[in-house]
Each structure stands twice: as structure tokens, then as C-alpha cells.
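The letters A, B, C and D name the chains in turn, as written, and every chain counts its residues from 1.
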């Protein structure tokens, strides 16, 4: 299975001389690889929000944000979220990788030039071998939902090369973030 | 509702001095706006296939085709299909627009540099107010399914500004293309 | 001539029901279409800086920001700059459009995951019928110049359909922003 | 220096289980790593042409192909050219990488929906440490030049980590392809 592989372990290879690991420090220092300190949700300021202003190059022939471009917006928001909660380093140290196996996105309203979009991101489901991140794209300051999506991941043990059960400390870590979005 | 609006009617406004309508002629001359001549499926050479070679700029940090890029591949294949079956002009003349309301895509295998992808496209469902196009991305020459997706559309009457029922000649036209992909 | 047309005047047509013109208000209220009040450079906080964090989807097979992606970064920074100085509305009212006729970009250093890029943007030249915006992409917090570019524009009178001389109030407006970047 | 690194040598690492090297075989079998057989230009069918149909997702707010998108078109054409002349494998075996240090592109005419673009690609200069590939984007079937660009590369010895002089067999190989485009 594969699509966009979140190869956390391989991130170290990508860091060149202009990218000391310091750039990837979690926003909060609460996450330790050996002894997890699980923060109160309020401390993580959830749901995580990312703001994107719609520009000319985001639009297509119909003068609305292109369907494929929304997936870049969602990926931008997920990276921002993972950085904020310290997951990038954490999963890298555990040798785990999240693999996207499905994206189910509803396009509900049109967004165009000058619109400020707010993308809210949160884990909403943990299953046996998969987890779901839900993301909602709002026209900021209104109750207009532009788009919403469920992104389903499996967790891959990079060494073993197979999906692992989401259990134990891994499940515990994700469970603190579950919410209805 | 909106996302990527297939505003066929507005295409005339987009045609500048370098793009005579001749460039948008259907591959076959069987489609007439007033009196539909419905071709035999075999004449349309279905399912429609589009080939894309994976290049360096299609990949992301994980060295696989990026999740958002697949949606551009699928859109490329849909444009090619619509051109081949004469829909672009036909719906433009009828003042109808197809609006994407959902994309549900499964990422099943990784594609990278040098891979030749074959995208098969076909209508697979016609419902009361919506239709579904299914697309499959194959590693050409193998039985490896890289990704597959269902794209759900509603049909918008641009003048009235609302979704129309898919019935009569419209339904008849699409029905000739239905198949299991 | 054409490539990316900055058709300010046509922006009004693009504004749908979710994008009141209020979203495009200049940051400062100093610009009036009839009687230009020309601000002191210091008030405009020049050069204008835009920050972009490099994400996985920005990279290509070589795990560096792709050459084409840099042009989107530069366009993002130009939109941000034009918004900040009130040009979007101003030129729209005057029926003028800026047309890119050349981009000359030097790629000097590699940027990858986790890098924070700072893009500085400023007008650096006003010629008879063209103007040049220079942009520099810095690895923020360092003296590493990742890339730099000169973007040459001509100013098009949309009604007349031809390039106009950059003179009078138009030249005066741009002249206040000229600097060495 | 860096920008888009054409790391031919690293391509072997990118080839996964779905991409046997066979997919990267040169179109002609004339190139041997030890004993170069230099073909007659006519055999290479130069200049190399790549065709791209303009689709809805290529356009931006101005309904023309976006400035950044042209750079993807040019990269697509370069990959196709390199594949056709067998360079991808050849430089990989020599441990050499081409690094883009500059792109100078002129935008001369607007391209939009339905346009068929023909991109001609050829080496036009060999200097001491750099080489230039010129590319022209034509509205196919007309004498309308949509855009043209010079892409300047330096040749990097990946092991030594520095640019090498373009001389000897390397220079000889490129010299057979030089032409005025």
C-alpha cells in the first residue's frame, strides 16, 4: 500500500547542511520518546488551525480553487499540525511511517481570489490498524464550509515493512487528540 | 455546491484568438445537439485510457507521486475523455455544467520515476441528480493497481443556477457509456 | 505579449458572493484613486517580506524545492506585496494590467524540508514601458541566499489593448517604492 | 550552487520494485558507457519535440497558463529529451549530476484551454563549466511563439562535490547535439 508515505525515519537523511534538526523541534517540549508525558488537550490548542489566503495561481479555468490544489492545502495543514504536536520527531525515533490509503473529500462551496481559508485538523478515529484525520476548510469568519475530508492512514513499521497494530503507547498518544471536528 | 466547476458554457469566453473552437472538436462527429446519434460503445473505444509517464517534478519528499498530483492526473484523463466523446461542446451548447461534489480516492501502490501510468476513465453510475465517473490508475503492462477513485458530479443548469435531474436525452447520452471498470 | 496577466480590472468579475471587496482592502488607507497621497517608504515597511515553510509536497525527486515551485513562492510573495501597498484595487480602478514578459531566476542554494524561507520583494527599476520587481529568497535567519529573480512587467491599458508608458501619477506611485534589494 | 539537482547517479536509489531499469532504456541503443558511438544528428530526430494540451488545471485566475506551470512544461520536455538521447543512464554511470543555476524565460503570447503546445528542446551552448539548453514553446501548427527559455546548468561530480569542467568525452557527447533552435 502506498500513496504519500510519511517516512518519518527517513527525514534525517533529508536534512542537509541548511536544515539543522532544530528547525523540526516540536512547539512544546512535552513529548519524550521513552516516557510519554501526555498533555491536556487545552495545552495543544485544538483543533489545530492553518490559514491560507487564496491567490491567483490556486485557481483554475473556472476561477475557483482547483480540486487538486485543495489536497495541497490539506497536506500543508497536516504538516503544520504534526509539527505543532511533536509527531514528526516522535515517529521518526520510533521508526514508524504513516501511509495514506484513502482520501474522501467533499467539495461544498466555491473559494476564489481574496478568500481567507481556515483549515481545522484533528484525529477523529483510531481503528485496529488505521487512523483517520478529519480536516475542514472554512471560509474564515463565516459558517460557510468550503470542503471537508477524511484522510485514512495505516501505520507502517519501516524495518518490518508492514502495517502495525495501533496499540499501547502509540494508541495512547493518539487517543489524547481524538475529537469531533 | 462547488469545487471544480465543469462550466462548459463558459468555455466560449475562454477561447482567445489562439484557440479556435476547432481545437475542441470531438474525435468522432457523431454527436449533434438537436438529434442525438448514440454510438455503439465499441466505436468509443472504451474504457478511455490516458498515459502519463512519472517525472521528477511529480514526486514529493517520499519520492513517490504526491497525493495531490494524482488528482491532476485524474483531471487530465477526464479532460481527455470528455474531448474524445464530444461532451465539452455538447454540454456547452445545452448550458449545463458538471460540478464535482466528492472525490473518494484509494492509494494502493507507490508510483515513482520512470513508471508509465495508464488511467482508465468511465461513467459507472447515473443517479437522480448525480453521476459517478470511476477512474483507475494502473502501472501499465502489469496488474498493479496504483490508485482508483470515484468522482461524483451534479449537473447544474447555469441559467437557473441549480442542479437538474439527470433524465431524458441527457440520461440517454450518459447511459450509453455506463460500464463496470 | 502575455504570460501571467495581472488583470487588476478583471478582478471584480472574479469576486463571487463569498468574497466582498472588503477582503481586498489595502492594509493602509493612504491610497486614493483621484488624489494620490504618497507615503513615506518607512510607512510601507519595505522591503516586503513573505515567509514560507518548506513542506514535503514542495520537493521533487531530488528532495529539494522544485524549480517550478519557486515561481509559485515568488507569485505568492508578489500577491502579498501588492495587497499590502494597495495596488490591487488601485490598478483595477485605473483599468491597467501588469503583464509578465520575463522572469530571470538564479538558483543559488538548495532548500529542503523544514527550511523557513523569507522572500523579500521590491520594485527596483522603472523604464519607459516596463518595470522590474526583484525578489530574493533567503534561508531566514542566515545570510544564505537560496534564489533571486528579476520579474519584468509591461503595463497594459486593458481598454486600448496595448502597453502604456509608465509616466505621470503611475510613475510617481511606483517611484516611491524603488529600492536596492 | 543548487536549485534543481539532476542527480542521475541517485536515480538508482529511487527505483523501487515497480520500476526496473528497463523503463529508462534509451530510445536508441547507440550509447555505450565505455566506448561512445556518436550518432548522426538526423538519427536523434532533432530538435526534440514534446506536445502538451492545455487543460483547465493549467490555467490561473487570468485564464492563461500560469507562469510557474510553464516551468513544469519545460521540465517535462527536458525529461523526455534526456530519455530519448540516453543521457539519464549515461550520466548516472559516470556519477555526474547537472545542476540548474539559472532559468531565463520570456513570456511572449498567451496560451489557454484547448491549445496544443509543442516544446522544442536542444543544447545550444557548451561553456567551460556550464551548458545551456534552449527550449521554445510553440502554439503547434502556427508560427506563434508562446514562450522561450534558456536553462543554464553546471555539471557536478557527485563524489567530489564540485563542478567539473565540461571537456573530453563529456564535451564530445554534448557537442553532437548542439544546434540553433
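Before moving on, here are some points about what is shown:
Criterion: a residue touches a chain if its C-beta (ideal position, glycine included) is under 8 Å from a C-beta of that chain, and two chains touch if they have at least 3 such contacts.
As the structure is a prediction and not an experimental result, all values here were calculated from the model.
Comparing the chain pairs B-D and B-C, the larger number of C-beta pairs in contact belongs to B-D.
Put simply, the chain farthest from chain D by mean CA position is A.
For this pair, chain B with chain D, the centres built from the Cα atoms lie 30 Å apart.
Separating the centre of chain C from that of chain D, both taken as means of CA atoms, is a distance of 29 Å.
Distance between chain B and chain C, defined via averaged C-alpha coordinates, is recorded as 35 Å. Residues of chain C in contact with two or more other chains: 4, 11, 14, 56-57, 60-63, 66, 68, 72, 75, 109-110, 113. For chain C in complex with chain D, the touching residues are 1-7, 10-11, 14, 60-62, 64, 66-72, 75, 99-110, 147. Within the complex formed with chain B, the residues of chain D that make contact are 4, 11, 14-16, 18-19, 23-24, 53, 55-57, 59, 63, 72, 75-76, 79-80, 109-116, 139, 142, 144. Note for the complex: chain C touches chain B at residues 56-63, 66, 68, 113.
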